[in-house]
Structure formats: structure tokens, C-alpha cells
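Next come two complexes, and both contain subunit A; in the first it sits with subunit B, in the second with subunit C.
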Partner chain A sequence: MIIQSPFLAVVESINEALDTKQKRPSSRFISGGTEVIADQNLGLLEPEGYISLRRIKELHTIEPKSDGLYIGAGVVVAQLLDDKAMAQVILLKKAARAFGTRQVRNRATVGGNIASGLPDRTLLPCLLALEATVHLQSAKGKRSLPIKDFLIEPGKTAISKDEILTGTTVPYVKGFQEYYMVGPRNAQFFVTACLALVVDEANKNVRLGLGNAGPTAMRAKEAEEYANNAIDWKKQTVDETIAIKFGEIAAENCSPVSDAAASAAYRRHAIKVMSKRILLRAFERKQ
Partner chain B sequence: MTSSQTTDPNVTGIGTSRQRPDAVAKARGEFEYATDLLEKDMLWGATRRSPHPYARIKKVNLNRAKEMPGVHAVLGAWDVPDNRFGAINNDQPVLVDDYARYVGEPIAIVAAEDPELARRAANAIEIEYEPLVPIIDPLDALAKGKIHRHVKYSFGDPTVVGEIQVEGEYFTARQDHSFMAPDAGMARPDGHGGVEIIGATQWVHADRFQIAASLGLPEEKVLVVNSGVGGAFGGRVSMTWQIHGALLAMHTNRPVKFLYSRKEAFHARYHRHPSRIWIRHHATKEGKLLKVEAKVLYEGGPYSHTSAAGIGNGCTLIQGPYNIPNADIEGWAVATNNGMCGPLRGFGVLQGVFACESNLDKLARKLNMDPAKLRAVNAIKRGDQWIFRQIQDRPTPVQEIIEKCSAMPLPPDLPSDEGKIHPVHLPGGIASPTGKKYIKRGIGFTSAVKNVCLSEGAPVNATAMITLRDGAAVIECAAAEVGQGFVTIACQIVQTVLGISEVRIERVDTSMPAAATTDGSQQTVTSGTAVQVAAQTLKERFLKFVAREHNLDVNTLDMKDNFVIDKTGKKFTSIAEAGMGLIFRATEKFSQRNTRPIDDMESNDPVHVTLGFSANRCVVDVDTELGLVKVVQMDVVQDVGRVVNPVQAHGQIEGGAVQGMGLGLMEHLKAEDGHLLNPDWRGYHIPTIVDAPTINSEFVSYPEPGYHFGWKGIAELPHVQAPASVLAALRNATGLELPMAPATPEYVANVLDDNEAMAMNVASGDKKRGPWKVPPPPPQTGPWVSDA
Partner chain C sequence: MSTDERIDYTLKINGKPYKVENAFYSENLLHVLRYRLGLTGTKYGCEHGQCGACTVHIDGKAVCSCMELAACAVGCEITTIEGYNNQDGTLNRLQESFVKHAALQCGYCTPGFIMSAAKFIEENPNCTEDQVREGMDGNLCRCTGYNRIIEAIKEAAEVRK
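Right after this comes the complex of A and B.
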């Protein structure tokens, strides 16, 4: 019997993980494995081996801090649904419920979802709308950067080969938060298009994150700008024409792809309609 | 009739919901599927496949793979003793020798120590191709005369013209079986110069015939064992790894296991024929149908496989369950390079029924008539003629079914308080942007016909052997169990006939005489009848013995509740004791009536053995702006002859309806330039339990003549009509034409890129409109006739 299985290093601290990575540079970090193992089985990657981050305790914490809620990269999506502290970031809790199946939610990690950098991932438009910060660590030190600077192109992020994504800090925002998605069926799918809206009542602005509407998850800056000026912040109302315009601007300024799931035209249409509806929803609740 | 949805392992006899013997193991995850098979010293097989839809093979060099340590065999086309096989015609290479004709066609095979090594070795084979221009559009194939079968017939007076005419062109997509267990199994040398194939199949004897022929062995040297089937739906009629496994096992003298990945299975599988059908109905102003005209085009793969039978089914049953006195029908199954096509639940009929029902929808709208009423007034009756020159000579409760179905209660409206609606009950599910104010409700109504048993001259028969000893019986019948329930059905039949409770059915392999293929909803009516006849013979033998031993009149004896009883029902002695430890046995063969090809004008045999009928009313909630759909309810009434196992019968209807709904809403295996675009479950979606509607199924039971218990096949009908029913409901909600199944959100929302609007099933996205020019005369190839 010829054994060609890749090695698996189970590490217990971030430093140990970084050390191992230096020794075996073509190995790959793995945690939930919901993406990496599927890709490996499809023959898309053939790493020398895996460094499992699952036993690193400090990656599993959800901790309220002064600048926001800290969520460790190893936190699984199911924890976002259950953890009491998540009440302060209701958007992620809502998105977590829409995420995959129960089995996948028990396994897939927040870090993996962020680090994939793919445009159709659930958490990315939410983190963009919340203006979260991601934290990276390598043997050389730590660094933090806004999620918008982290996402570069499909599947490519600012993370370098010798870095670990350790977590994300999500600022507390007071106001309406909601996540909408459309897909090819009514459960368990990769989104055809999705979006997340955050209304920041203190700063009187809205932030709209779009998923699968371009090469990476993105903010609908033009639409936000329009809405920030058009919304009557005193009365806290939005009339339908404003919502329609908001949706049209969001749709005009995104660049979705056509693929087997849907055409670009449909994705654009879905962004338009969902943006309209989510803005109406955000302000109808006030009345 | 609504019955309890629970099964019981202890109930016996026809009409009870006996539990499947493997039910608990499957629920617990302990059932051994073919994918789980392991053996000491086994090797792993891997397949090198064509990356081109059409290419000449210039050179194949196996040496680099052969040299890899741990690789035990690398075989190419020249290693196959007879390199042409096929389900009906031998026109398909086991391994490509001259031209590769679809992406994923096997070119070379490898056996190695572990699966990863086998995969690498397969990749190491050097192949030079000369890519050629593939045919990807069925209309091009038609124009170029690439035709597997041409059907043309008329009935009555084809020149009749109706006051009202409605026509349309309808499309169905390439559907995948998407059974849970991918193609897998074990081939092992039997130690005596033969080979054993253990894996999931729908017909062990057809597999054996093809494997033995390809290996140049007598059939006796090949044993095919059906084992661990995880779904079939017609897909396991088509051979994939079996001949490859047998070749590698013979070459290495070691067991060889194949296990396809999902992506590989998508490429290797033979999918449902995509269809493009032009149809015109002529009717009176009162809605009485006068004539049907149709041009039926099915896209088959590059090799004939079962395409001829599929187009035959479509060109006949496009009539629907309606009495139509005149007809003019023409159809073609053509060869393209988009991948192989073969049977899938409702084989060939689904496409025709979709076109027929969709066009009748249009007729109902034009006449401003209730769609159920339009169907009821045209319902075919016993004694009527089918357009394919067959008398409907068996019970025909079509009108009753339609009326019963349309009288079933409708679901309540969505509650007015939106907070009370759980999002899984809304179009789009959790996190859907929809809400009550965006939702329109639609109702669709269809009825359908499906042939039971293979048609057009295909022999349909089965042999069963039953052994009784000590009051317990064992059934040997080679009917493949693929989840449809024959393992319980057969036992229940014997329990009822012999009046005993202990009955078991043996595992199926080719050491038994042949049974029918698990295909065409025919297993209960064919192999079930063989079991019943054998049990009847056994009963006579047994009672004759008892009468002689005890000096009784055999005519006064019967068997019931494990006892021999007399006419008054008095228990005489237990069956176990009465047998005196002896073995009683009977073997019987049952054959269905003969059928004839459509174009055989001499014979007066029917085209189809018999026909089943059903009606389906579908209720949908649609977010018309976003094209999101929730199928709320399906009400199905079906003609079933006799219910053998109520839970399984309801289960067949529920499963079939959901699978058909999948094709109605989402299942579309797309191809571009001959390459599949979504060959995995990330891109190809089947309905989840959240998508499944409430399904209310009711039965209409008129004993079918010709069978002692009067049963009828049921498995395919619910799938056949569900796409048409879902689309009818969507049309009702949206007001759109929706000529294409599936109606994905972009179609339902009517948001289409200009260049993609008509992309339909044809990859090239052309906009040519039918009815199309008639091509040059086709070769004379009837179905089920070998064409050298």
C-alpha cells in the first residue's frame, strides 16, 4: 500500500500554527473544511498538508469590546445564532440563519467565510455594511484592516501566505439591520444575489452591502449617498419613489456575472428590487 | 383515501403498509450502499475522459501511467475484446478508439493501489486530440440527418381543420437523475476465469449481457449482483463503470472498486432527453378536441442508446388522456455532442405531456374555459381509439380522476398577519425579500397518461421462484429493487396468496432467471404477477399434498393466518406442521401481452401494454417581481388498479411529484459548446424538503384485467405531469407564456438578457422557430431492432 495522504498538523496556538507554516510553506490552514475539503475533492487544490486551527482556543471567542464585538475566526456560524452577545449585531444573526444547512453551520467558520473572498459568501456583504475590521497575524506581527480593503478580487484577499486571519471586530450600530437573498430554490444554496442594509441612526446614514453583484462583495456607495440625502431623517420616513431610485442606482452601479444559475440581467434586477424593498422595510417599521 | 403515513414491520399481506426490510438501516445510516463496498486487496479504478465534445483521437500513450509504482493496469480501447456495446444497438465504444463524441466519454481506465494514485495515473496518460466541430443544436442535427429515429404517422383525417386552433412551441431541459449514491461498485475475479460485478443496477440481466459481450465471455462467466442501490430513476439502466471494472478485474486478477465523484457522475450519466415540441390543437368552440398536430424533437446523445424508444413514447402519448379523432404526428430523436441521454422516470412521455398540457392551457384561456372542465369533456373513455391505433380496452376512469381532483379542498390563503407566516412557507424561504403584498397565488390543473411497461415490441416478462418450508417462504426473483418497493410488494403478495406471515426475498443476481427491468412502472405488474402466479402454483401443490396426506378433499382446503383451514374457516393444522419438514417449490414465468412498433401497420397488437392516468392540481405562491416561487400544495388523483402498500404508493406519488416539480422550477443541466456548465450540486439544484409542497394523494381503484390482483404501475405518472402542473400554476399567477421547463426565477420574473432569452435547452441559443423543415429520409431503424 502506498500512502500518499497529506499530513495533518493539529496545533493549539497561533504561534505554533505560524511555526508549522514556516516549516511546511505549501501546506494549508484549515478549520471547518467545508470549502477546502470540497475543493480538494474536486481536484482544485493539492496541498502538501493541512494545519488544523480548530484547537486554538483564542480563535473561538465572541467578546464584546469597546470598539465593537470581537468575533474569533474559528467561531462557527451556528455560534452566531446562539451566542447571547450576538444580540448586539443582529444582522450577523439574521444572516447566520440563512447560511447553508444546519450541518454546514455547525462546521463552517466565520474566518473561512471571510478568507474565501468569494462574492457569493453570506457574511461578507454584512461585514461590509457594518464596516467591520479584520485582524491578521503572522510571525512578523499583527495588523488590522477594514474589510473593504481586505477584499481584492474573486477569491483573492489581502491576506498573505504566511498570515492567519484571527478574527473580526464588528462595530455596534444602532438602527435597522436586515439581510435579504435570492437563489435558485428555497433553502440551502449559494446566493444568486444578496444584500445587507444597516441604518446608522446616530450618524444618519444607510450602508448597503451587496453579494454576488460584482467580482467581490461590495458596498453600493452611489445608492447610499443618494439615500443619505433623500431620506427625511427627522420624520424617519422613506417614500416609495426614493426606494425605487435607491434600487435603480444600486443596480446601475454593480457588475454581476452571468452563469448557469442566473443571467447578469436577473442579478441586477434582483439587486434593484431587493434594495427597494429593504429600504422600505427599514423605514416602515418606524411608523 | 388518505391513510396513515407510518409503516409497520409486522403487518402482512396486500393492502398493508409493510415496512421495508432496509428501512431502519437506512434511517440509521447503517445500510451498505454500493459506494461503501470494501474488499481485501482491492484496487481502485479511475477513468480518463474526453475533455472535447467531438475530437479525433490521434494518439494514446499509456506508458507514463503504466510506469507509475502502485499502478496495476492501464487499459485502452484495444484491450477491449469487443469494443462496441449498447442498450439496444451496439454502436457505442466501451473505450474511445477513433472519435470521442461527448465531454466525459471514457478513453482509458486505470487500476491502482489507492484512489488518488489511480486518478493521477489516469491524468498521466498522454492523449493527442484533433478537436472537431461538435453538433450542439438539435436543429442542426436534424438538418444534417443525424437521426436516431424518425416517427411519422397520422390518424383519422389529418386534413380536418378546427374552428379554434391553438399552437405553441414548448421546451424541457436536460434533467439529471441526481440519485444520492453516485455510480459505484466492485468487480472481482471469480477464481474460475469469470468475473463478478457487484453494484447498483436496474436490470442485472441486461448488464450481464452487455458485460459478457464486451469481454468476449459466455454469459455464464459473468455474475451481476444488485447491491446497495441509492436511487436509480432510470439512470441505472445505462452502464457506466461496469464493463471497465470487469476488464480491470480480469487483467489484474484483483477486486477493483469504482467510485465516481459527483462531477464525474454528471458527465458519465445519461440524462433526460431535452425536448423541443411544436404542437397545435384543433377544437370546436365548445372545447371538443378535433385534431392534434405535433413536431417532436428529442435531443439524444451521440449514440442511440434508448433514444428510439423515448421518441416513440413521446410521439404517442403527446395525445394526453384525451379522445382526439384526428392526428398528424412527426418526431425525431437526433444525435448531438452535448452528452448522452437515456431513461429518466417518465421516459419520453414527460416531454410530450408537458407540450400537450401547456398547449391545452392556452386553449382553455382562449376559450375562457375552466382547465379542468376542458380536460373532463375530452377525457378518453373505455372503447375509444388512441391516435396510435390502439383500442383503450381497459378501465379508463379519466373523467372521474379529473373531477375528483378538482373537487379536492384548496389550501387556505396566507394568513393576513404577516408575523404568523414562517419564512419557509414563503417564496424564497429564509431571508427572502418577499412579503405578503408581493405574492400572487396561482392554480394549475393537468392530467396525464403514461404507458405502463416497455412498449413497441420490447419483450416484458419475469420469472419467479418461491420455496416454502416449515411455513416460511423465500422468493427468488431477479427484479431489481431500486427503492421502488418490490422487496416488500413481493413478500406481501406471497403472504396473501399463501396465507403465511414469514416471507423473505433473496438478493438479486444473474444466477436467477431473468425478470423484467425496473423501468416503465412495470415491476409490480410484471414481476409481481410472476410472483403471484408462482405462489398460486405453490399453493395448489401444497394443498394437494396436505389433502393426500390427510385424505381430504383438496377443494375444501385453503391457507390463511399460517394455518390450513377448511371452507368454514376452521383451522385444521398449521402450515408449518402440514408441510412435514418438506420443501415445496414453484417457478413460473409471466409475460405481458405483445406490443408492436408504431409504424407496424400489419399487426393488431397494441403499442403500449397498458396505460395509467392521473390528474394534478398545483397551487403556487409567486413573488412575480423577483420570480421566486413556493409550491404550496399539489393534489394528485391517480388510477392505481389496486394498492398493494399504501404508504409506498403515497410515497411514490410524493417523491415523483417533488422530482417533477424540480424539473418544473430549477433542474436544468446546461451545456455550452458541448461542455456542461453546472455538473455538480453547487450549480445543479434539486428540491429540498423546504421546497416540497403539501401533497395530497388520492387513488382511484379499478382492477386492471389480465392480472389476478388487478394492479397497475404507478411510479412515473406523478413525475410525468408535475412539471406541466407547476408551469400551469405559474402561468395562472404571472400571465406569462412560460414555454420552458424549468421556469427559473429569471423566467418567472420575465427578466432575460436579450441574447439569453431563448437559450432554452439548446446550447447555441438560436431563435429558429418551428415547425421545422422535414429532413432527408432517415435510416430504417425501428426501436428495439438491432441496426448493424
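Right after this comes the complex of A and C.
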């Protein structure tokens, strides 16, 4: 352990982190701190002790495995941009470019992004579209669950107080992958709305993840189902009327909020337009 | 707050050890640099990661000191603008380029821009103008309108080649 004081522990292994958490249940895990310390500075949270996970080396690996690319919770977003292995999951690399700022990307972790469970987080719609698995560990043992079961409501996830998120496994999917967002500006701000499309060529289906379009990041199931039937998989084509309908169905079935950044109607409109464009883009290359 | 919440530690800043005593565990690095150690070159802007005025290098990465728990930087190499400056008071290439292009007015954002740009140029020696614009996405300036800053950084990158 690098620091072991009553309110701050800087640990070097998962076991040390879990041990410390058991002894001090009110302490909060902190990785990059780009959410926690920013909130602390703004007075949005009153710290009751921190357990810093940053020095846990075993959380920092990106490793190609047979069932997909394993990405440790401590991997920072800058690594998603730079690591060679990310070429196998191009969606996360693309989304990483649209994430925060250079300084933020050097610190913000994949684990912190997933664990926050907030609907506007960049990686969540991507991981939903890729059907990633989330790995958790507590003193009692390990468990893994699909990201869709992990996200419960805004800021609430399936993680329990004594668990650490250790990483995620992202299946390799052959086919088009892209991330679109709208926001006040490209950098620095949270997305107003975003989406991620994955075309699974092997299984002939499309998967659309939506961000900030409902209480949690979500899949646009109805739109997917429509597209899966409407797409001419043999010719690999989509005409514009199908794409328009795809966007309309995605927009009808999401439930965005109105807030200071945008109205619900604007978000719905953004989802409609972006869904249409991303589907056309996915298939235009083939024509 | 209880005395339990205070800790002592040593930070390595610009190659020198700095003792921090009786500090709250929750203090961020920006606060410790400016108000405990008197290193006021690092600027306090938004305190939530948006303006980049507080940019420092930690173990070779440009990060916002306002979102860094100071005590978590124990054992790391921290460089602030004071350490980046030429120690004889002269300006280095990047700083000269800022002067030449009048890339500052009030100057409040400048230390953050310099620290951020220095790393950007190091990591992207053959950058294009578009890359400079994208690469400086973590710093805000309320005065210059950015073009002069981008020009200054671009020229400094070219001269370095």
C-alpha cells in the first residue's frame, strides 16, 4: 500500500482494495477522479474517505482473449485511442476521440465510466451495442454480467457497495462500427445525445446503442428489429426510406429528459436524424 | 473535521521534494501547489476539468491538477510551469513563439496552454494545424480567440523538427 491513512488509502492490489473497503465501508473507490474530484470541488459530494485504485497494475491491461478484447477497469481513455489492440474494437477507439479533453482522457478510466452508470456516458451505448460483459469482484468472489443487466437506473448499477469493477470483455464483431454525438461543442462537454451502431455481418443484424436518450444508456430494440428485417442482407443495401423509418422508430421508443442542455424534443429529433444517417453510412460503403 | 483527516506526505515537484504537512486528504493538487507550496504559476480556473488553466505534467502526461488528489501523486514526477521554464529566466521556443504571435492578452490561460502544448508537440511532432486544434481541446482562452495560440504552437512544432 502506498498510503494507508484513516481516510485515504492508495492501494496496489485488488485484495488490498477489497480489504480496505470492508474495514471502511463509507470510503469511496476512486480511479481517475475526473468525476469524483470534479464533483467534490463543486460541492456536489461530501467526501467520506477515498480508496484510490489507480496504482493497481492488474487493472491496467488490455488483452486480446478468445471471447473478445479484455479491457481492465483502470485503462484510461487515452489508451483506447493509442493501444494497438484497440484496432479490433474500432468503435471504442472512435468514441474515445469524442471523449472529454486530452487532459481528461489521460485520467478518465473505462471502469469509472461504466461504474457511474449515468445515461450520458460515452462508452455505455458503445458497450451495449457491442454486447460487452462487465466483470465484478468482491471479497466473496467474482461475477460477470452483460452490460445491459448492469445498468439499472440513472447512476444506479448492479454493482454492490463492496464490489470493484475489474474490467469488461468486448466481443469482436465483424462489420461496420461507428459513434455519433451531438453536444454544445466537440470537446469538454457531456453529450446532449449520442449513439453507437454495430453491424454484425456474421449474424446479419444491427445493434444501436443510445446515450442520453432515456434514464440509462439503452438499446433501440424496436428500431433494430425493423432494420434487421428491412435490410437487404444479400445485396448489403439500405435505401433511404428504410433509414428514415429506422430513425423514426428509434426516436419514438426512447425517453429522453429535458434539462439545461436541451429539451426532450430536441434529443428525440437528434436521435432520429443521427440514426438515419448512421444506418445510411453503414451500408453506403458497400454499394 | 477530525485530525484523522489530515495527513503528511512528500511530493516530487520539478525534481525537488516538497513536504506537505497536516493537509486534508481530500485536497486537490492545484490547491496544494498554489496555497500550501506557493507555486502559483499553475492557475485556478474552473476547478472541474474544463478550462485547463491548471494543467501540469504527472509522470509525463498532461493532466488537470484540479482533479488530482494531491496525496495520490506521491511517488510521481510532477512538473509545473515553474519547472518547465528555463531556470535562467529566458524564454524557451514555445514561449517565444507565444510572444511573437501575441498569443496572449490577460495571460491567465497561458501557463496551462504552455504545459498542454509542450506535451502535445512532444507526442505529435509532425502535427497539422487541425491536429493542433483538436489537441488543444482541453484549454480555454477567453481573450485571444485561439487563432494566435494555434499559430504559435504550430510554429513551435515546426521549428522543433
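Here is the rule we go by: the second predicted complex is superposed on the first by the 280 of 287 C-alpha atoms of A that agree within 3 Å, B and C clash if a C-alpha of one lies under 4 Å from a C-alpha of the other, contacts with A are read in each partner's own complex, and residues count from 1 in each chain.
Note that a contact is a pair of C-beta atoms (placed from the backbone, for glycine too) under 8 Å apart; a residue touches a chain by one contact, two chains touch by 3 or more.
In this text, all values refer to a predicted model and were calculated from it rather than measured experimentally.
Chemist: So, does A:270 touch the first partner subunit B, the second partner subunit C, both, or neither?
Modeler: first
Chemist: Report for A:172: first if it touches subunit B alone, second if subunit C alone, otherwise both or neither.
Modeler: A:172 contacts neither subunit B nor subunit C.
Chemist: Is A:52 in contact with subunit B, with subunit C, with both, or with neither (first, second, both, neither)?
Modeler: After superposing on A, A:52 lies in contact with subunit C but is clear of subunit B.
Chemist: Kindly classify A:98 by the partners it touches after superposition: subunit B alone (first), subunit C alone (second), both, or neither?
Modeler: first
Chemist: Using the touch definition from the top, say if A:107 reaches subunit B (first), subunit C (second), both or neither.
Modeler: Second partner only.
Chemist: Going by the touch definition up top, name the partner, subunit B or subunit C, that contacts more of subunit A.
Modeler: B
Chemist: Using the touch definition from the top, say if A:182 reaches subunit B (first), subunit C (second), both or neither.
Modeler: first
Chemist: Identify the residues of subunit A that lie in both the subunit B contact region and the subunit C contact region.
Modeler: 2-3, 41-42, 186-188
Chemist: Can you name the residues of subunit A that touch subunit C in the complex?
Modeler: 2-3, 5-8, 10, 30, 32-34, 37-38, 40-42, 47, 49-50, 52, 54, 78, 100-104, 106-107, 186-188
Chemist: Considering the complex alone, what residue numbers of subunit A touch subunit B?
Modeler: Of all residues in subunit A, those touching subunit B are 1-4, 41-43, 94-95, 97-98, 179-190, 192, 194, 258-266, 269-270, 273-274, 277-278.
Chemist: Could you please specify the touching residues of subunit C with respect to subunit A in the complex?
Modeler: Where subunit C meets subunit A, its residues are 4-5, 7, 9, 25-26, 28, 47-50, 52, 55, 61-64, 66-69, 71-72, 74-75, 116, 120, 134-139.
Chemist: Which of the residues in subunit B end up touching subunit A in this complex?
Modeler: Residue list for subunit B touching subunit A: 69-70, 113-114, 116-117, 119, 261, 263, 424, 427-433, 435, 438, 625-628, 630, 665-666, 668, 670, 677-678, 680, 682-685, 687-691, 744-746, 749, 751-753, 756.
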